[in-house]
Amino acid sequence: MEFVAPVLNYTLLSPILILLGGALIGVLVEAFVSKALRPITQLSVTLGSLVLALVQVWRIHNESSTSAAMSSVTIDGPGLLLQASIIIISIISVFLIADTEQFTALAAALPGSDEERHALQTGNQVTEVYPLTLFAVSGMLVFPIASDLITLFVALEMLSLPLYLMAGLSRRRRLASQESALKYFLLGAFSSAFFLFGAAFIYGFASSVTFSGIHDAIANASGNDVFLLIGIAFLSVGLLFKVGAVPFHAWSPDVYQGAPTPVTAFMAAATKVAAFGAMLRIFYTAFANAEWSWTPMLSLIAIITMVFGSLVAIAQRDVKRMLAYSSIAHAGFLLSGVIALNKAGLDASIFYLFAYGVATVGGFAIVTLVRDAAGEVTDLNRWKGLGKRSPWVASSFAFFLLAFAGIPLTSGFIGKFSIFSAAYESGATGVVIAGVLSSAIAAFFYIRVIVLMFFTDPIEDGTSVEIPSSLTQLTIVISLLVTFVLGVFPAPLLNFITNLATFLR
Amino acid sequence: MTTSSSLVYLIALPLVGATILLLAGRRADKWGHILGTLMSASSFAVGVYQLTQMLGRSNEARPVTQKLFEWISVGSFKVDAGLMLDQLSICFVLLITGVGTLIHIYSISYMSHDHDRRRFFAYLNLFIAAMLLLVLGNSYLNLYVGWEGVGLASYLLIGFWNQKPAYATASKKAFVMNRIGDMGLSFAIMIAFATLGTVSFDGIKAASEHASTAALTAIGIMLLVAATGKSAQFPLQAWLGDAMAGPTPVSALIHAATMVTAGVYLITRSNFIFDAAPTAQLLVVIVGAITLIFGALIGTAKDDIKKALAASTMSQIGYMILGAGLGPVGYAFAIMHLLTHGFFKAGMFLGAGSVMHGMNDEVNMRKYGALRKFMPITFITFGLGYLAILGVPPFAGFYSKDKIIETAFNAAGNKGLILGIVTLLGAGITAFYMSRVMILTFTGKSRWDDDAHPHESPLLMWLPMAILAIGSVASGFLLSNGNALVNWLAPLFAEHEEEAERLNPNLVSGLALAVVALGVAIAFIKYSRQEVAAVAPEDVSVFTKIARKDLMQDAFNEAVFMRTGQALTATLVKTDEAVIDGAVQGVGSMAMGSGSVLRGIQTGFVRSYAALILVGAALLIGAIWMVTK
Amino acid sequence: MNSLTLLMLLPLIGTAVIAALPKSNETLTKQVALATTVIVAAATIAMAVGFQRDNVDLQFVEKYSWIPSFGINFSLGIDGLSLVLILMSTVLAPIVVLAGWNEAHGGRWSVKVFYVLILVLETMMIGVFAATDVFLFYVIFEAMLIPVYFLIGGYGSGQRSAAAVKFLIYSLFGGLLMLGSIIALYVMSGAQGGHTFDLAALSQLQMTSTTQNVLFLGFFIAFAIKAPLWPLHTWLPDAAESATPGTSVLLLGVLDKVGTFGMIRYCLTLFPDASKTFTPLILVLSVISIIYGAFLAIGQKDLKRLIAFTSISHFGFITMGIFAMTSQGHSGATLYMFNHGFSTAALFLVGGWMISRRGSSTIADFGGLQRVTPVMAWSFFLAGMSSLALPGMSSFVSEFLVLVGTFTRYPVHAAIATFGIVLAALYILIPVQKALHGPTTPGNEELSDLNLREKIAIAPVIAIIVALGFYPSPLLNVINPASAHVIAQMGFTDPAPTNGDK
Amino acid sequence: MDAANYLYLSVLLFTIGAVGVVVRRNAIVVFMCVELMLNAANLAFVTFSRINGDLNGQVVAFFTMVVAACEVVVGLAIIVTIYRSRRSASVDDASLLKR
């Protein structure tokens, strides 16, 4: 048998290539640029490549092809939209990452050891976080456009591995940070093993690794159903793990809490987009015809996730954990978009992912601002009276919370409405009811935080609010604007999505 | 039907007076009382003018109406703000404004020491206006407005000295018990609209022709309930005694002459309903009969002169209600007794007021005595009223009361016999307790407190008393001379043939006089022959004790309604907090609780997380398995 | 013709001006707020003049595409019902501002914030009544909660934050149920010729009776929480107890009307059959509310809570009138909404002044005020009289219409409800006696009577109450066609007089 | 012999790995269990590629090995850092973050 030399369409792949290039440059910078210039160089390289990638995505946003890389990726509307969202979210997250305060000077050094102290004093701050971010982003860009199982798996690892490391980079509470890295890594690897095993069985069923092949195989149901079903189940484990659905969520509260907040923001927002993007593609294209088999399964998971996330969030005392559980609940809401399995569901999911992602970054950006001598203060009880101390910060956070709660005039409400109506349209009434009820529960703890910030008197314990750096300010402002504008005039974006978002098989 | 544009002034004048006096505040203290009196007097003048006009017209053309504007109009429910003055209402107009004006004059002096006199006159004007609206309204709903209006005025006046908690309570009690009656009235209106489709007097009169007895009976009974509330009839009479908390002129005007007789007006006005609803009519009679004895009995035991008079009012109105309950024959006599009673009872109240005035507001008759010499005018005017209420010819009461007793006897069957005897009995008891009042107050030895310096009241006070006294002497004769009133009112009531006389009228009068004489005699022996204790003796018959307690009516209400009501309220308040709100809170804390329980899953051990993932995988497999199998 | 949008914009302009003002200059802030509300009120009255009474169609209609992909429009329009309620809201607003001149000072935040919230709220109050697009209505319905939440929690007294949270959670819960129904409607409309939220279009939807019942409940529960109907009322007393008097006026006077308004505008229009199915239940709940609310009002020791419970009783009347489905009941209910706005306003404002002067809201702490502060006492007394529906006060007309209208179709319910008028006498006269009558209790001797500002604030309220009591036609003429229209659409006709042959 | 047996084997290996992850404490061992699972998957791929007569399965196997290698790099890095700061490779000791 003879091999055909692969033909690559570089224009369509350019965003990914740009980011990978940027990442490599970043590595070199890390090696050769003087420590004084390093941070700024890294930042500009990273931002530069991200912006460039975004421009590229825009330039190709009307293109669509299955043969961009020998049918192993599919460039189409949804893919590009998701890529764009990921890049935008990454950009505003990078603004946060730029705050070196958050990262350990020397990840390799022992916590509290001399070399760490020395590195701090000499300002010998390593900045490997930037290339790591870029690697992760490029993985995320591949994930939602991957259209065969190999690429999907590679992309999954490509986005995960850097994240594992980034979780361990916190300057403060390093033990916790490293622990979160370990947990994230072990569980991630564990779940990707499931993923791969599932992939194997699907391959066994379809004797093809491409989504189109799988789709056709299901269409003319040749082969052994049991393989397919086991495959779907195990593959889902991997994906559901990444989106943080119950009961595959356990990592997220710990990692969200342990990781440096900028990384948490990036992870919570961008990873969700990428993972759901992949999920949408595989379930909408490859498994579309086996709907009967996986809809009940996903509905079950969705309901459990919504309810569990909302309920447990009530009991949280730490703001980052609270946000983690809220993101779990949102994963549940987003699943109802996958279950919907219709155009409306796809559009809604994309809109929801973007809106939620931006709001999340904004929310965590606020978290980075509340500090005391020992660094960030994430204990909710110490957020009391924040509204008095710094009304603007508190109000912005309150606004993000209202967006999470899905109160009208915020992007969250439009998202919730569209995704629930899509799910209802596809007959997933149970999911919608569960969704509505759990949003009621969810509202409860968002409001509790607002009460803490505005209606309780501050306790003087040195908790203060950092004057945000101009970049952080930028992040917050952008997130606020997007959240508000999408809440009041979502029409342009919705139309844009509706016109673009159709999966190419 | 004639229309007139001047009816509204009857009401407008006093209403304007009230408004000015209330809004002007203390600025009006100087001239407030003058204005008030003038307003009432001018309203009286309009009334007289209307009367002269009316006399000039033929029977049919006598009623005059005036439509002010469309008040409420929704769907078929249309009510105009319209007034109607006919032979019946004119009597009331004159009584209200006439006696009203006299009492205004009286009050100028009586209240001269009260620095809130202006407010008092404002209330009086308000009352006059409301009462006139009550009798002039051309539909039950307009009447209802006046009906509650007088209730409000009475509330304000009873509680005029509401800095005394007891008085404030009295006023509240009056208002609430009246509200119960009002509820009856609104029921009546609702039933009327639902069944007859209208609430105007004319409309209902017309519709009642072809309406079912059931409906009319229902309406009738509800009207009766209303009447019992406003006219202090059994079982809603308990408030009247306490209402004496108000300044005496108020008791004279509202709780003797006018407002309390509104019930009689209502029933007479609704004659077309009651004539067609025998059951309701029978109930009316029964209520009247019970009350007239009830009141009389209470009267025998009261030492407070005003409460004694109040009891007597209750009983006299019982007579009127009974009369009205006797149907077409009775209506006119009921009204006649109402008018004469208006004179003599108002007169006596003012007399009582003048006595209190002289005895620095002492009301306990046991502390009076021998006031004849010190207050001759008061004695005479009061005495004339006394003779009138006893029904001694030729005084007013003789004509009106005897007629009722007569008609009662003439009623068909045992009904007639029973009613006759009851009314006679009532007359006897009345004679007894009124003589008691007379004797205790004016005759015998003085039993005053040391600081009492009895003296005759000034002109402004005795003049109205004198005028009313003349009324109590003459009114009866004038009204019944040639059946003047009967013929005057005849066009309003259904035709009726003279029933066979069970007893000859003179015999009845004879009997009545005899009974009265008996009553007087007993009183004379009991209170004039033997010494009267300055403090009420406690070693008295059980009956007296009960009578002093208003025949336990308050005790009953308190035990049955108030206590249960309070208990119910208390329980409901607790239920609301514990059960209903508790449930809500419960849901909240349940969510919280389950939250913190589920939290336990997050042990922090990575291996347990991995186990969780295994479980999840199993779950997925299971879920898929379910649908495939 | 976009007068409604302009009307909604006016308060926002005021907000902008206030936001631009320096924090220090509080008086100016208040003056701007007052001026804005007065202008809005004037504008509304001008609109009311231009309103064609006998035209039952929506008027001042306007429609701009908002979110086309969901068929959502920013569309406004008013009929008699909405006009009356908007009129009430905008007339109450300046009164509240003037009456609560110093309310903002006890707050957690600046005076500016207070008036910004008030003005934003006013915009939403206009919008919620004028919206003819279900989605738009829902958005405002929910968004309204936020300013009120901060008004209660930020400027109230006592357990203010707890009360605010209770209020918000309660309402959000109801709102989410409604959202469920709205989503279902939206999807159905998609299935039946194009996604839309246009009320008129949605009312044409075909649906099985089961669906209709379920969706109806989604809407009705939300409204029953707002309007508080027994047993969903427990948030109201707490909220009213903690909120400032002005806020309470807006809360009970206006926001709660959104509930009863919604029952007419949405429950009846969208789900006529379901409305009929549930009428018996709703009537029973209304009657319970009437009696229950009255009894609890009698049992209260706190003045504000007492007023709150009287309102629960009154809302019972309104709901009963709405579902009695007779022209009298319906017009009565609508008129009742308007009147209740003002009589409750009077009670809360005067009560608020009494409380702020005495520094306590416990009824027992007052006493003999009639002698000390006659004007204040009189205002409270008149407010009370209008609350117990004394003839000559506007509330009498509406209450009697409701009763008579209900009686013609549901005699028993009406009969039981009528007992409410006796209880009303009690729950008003008991506080009147305790607070105004009797000897002046220690601590009250020095209380000051109403000042000019307060007199100016309360005068129009009482004037309106009395004037409408004697001459309600101006309002009834606007209301009647609207109600008649609804009744007709529901396929009802007033019961004819039976002449008793039942 | 029947290719299905290889499937059974791979399932067996996978299960052993999975159970190992749950029961073993030492981070290194846990990690090796994960690797075992990956290789079980690889075996499955290859077997299927044999059964289906399609080469893709084998290609995947190669990819997986590379990825697994990367994982080893990252994984060991993390585990070693933890070990150095905690002086213990037991995954149960790392449980600061909970609830």
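A, B, C and D are the chain letters, set down in written order, and residue numbers restart from 1 in every chain.
Here is the rule we go by: contacts are C-beta pairs under 8 Å (C-beta built on N, C-alpha and C of every residue); 3 or more make two chains touch, one makes a residue touch a chain.
In this text the structure is predicted, and so the values were computed from the model without any measurement.
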Inset, instruction - State the pair with the higher C-beta contact count; candidates are A-B and B-D. - result: A-B
Inset, instruction - Just grab the chain with the largest centre-to-centre distance to chain A, centres being mean Cα coordinates. - result: B
Legend entry - Core chain by centroid distance, with centroids computed from Cα atoms only: C
Legend entry - Distance from chain D to chain C - Cα centre to Cα centre, in angstrom: 65
Inset, instruction - Starting from the mean Cα coordinates of chain A and chain B, work out the distance between those two points in Å. - result: 80
Inset, instruction - Can you check how far apart chain B and chain D are, centre to centre, with Cα atoms defining each centre and the answer in Å? - result: 97
Legend entry - Centre-of-Cα separation between chain D and chain A, whole angstrom: 25
Inset, instruction - Check each residue of chain C and list the ones that touch at least two other chains. - result: 169
Inset, instruction - Provide the list of chain A residues touching at least two other chains, using ranges where the numbers run on. - result: 182-183, 186, 190, 194, 253-254, 444
Inset, instruction - Indicate the residues of chain B shared as contacts by at least two other chains. - result: 588, 599, 602, 604, 606, 610
Legend entry - Touching chain combinations (by label order): A-B, A-C, A-D, B-C, B-D
Inset, instruction - State the interface residues of chain C toward chain B in the complex, per the touch definition above. - result: 169-170, 231, 233-235, 292, 295-296, 298-300, 326-328, 331-332, 368, 370-371, 374, 378, 385, 390-392, 396-397, 400-401, 403-405, 407-408, 411, 414-415, 418-419, 421-422, 425-426, 429-430, 433, 436-440, 470-473, 476, 480, 483-484, 494-502
Legend entry - Interfacial residue positions of chain A with respect to chain B in the complex: 182-183, 186-187, 190-191, 194, 225, 229-230, 232-234, 236-237, 240-241, 246-248, 250-251, 253-254, 292-294, 296-297, 300-301, 308, 311-316, 441, 444
Legend entry - In the complex, chain B residues that touch chain A: 588, 591-592, 594-596, 598-599, 601-602, 604, 606, 608-610, 612-613, 615-617, 619-621, 623-628
Legend entry - Partner chain A, residues of chain C touching it in the complex: 65-70, 108-109, 138-140, 142-143, 145-146, 150, 153-154, 160-161, 164-165, 168-169, 172-173, 176-177, 179-180, 183-184, 186-187, 190
Legend entry - List of chain B residues in touch with chain D within their complex: 599-600, 602-607, 610-611, 614
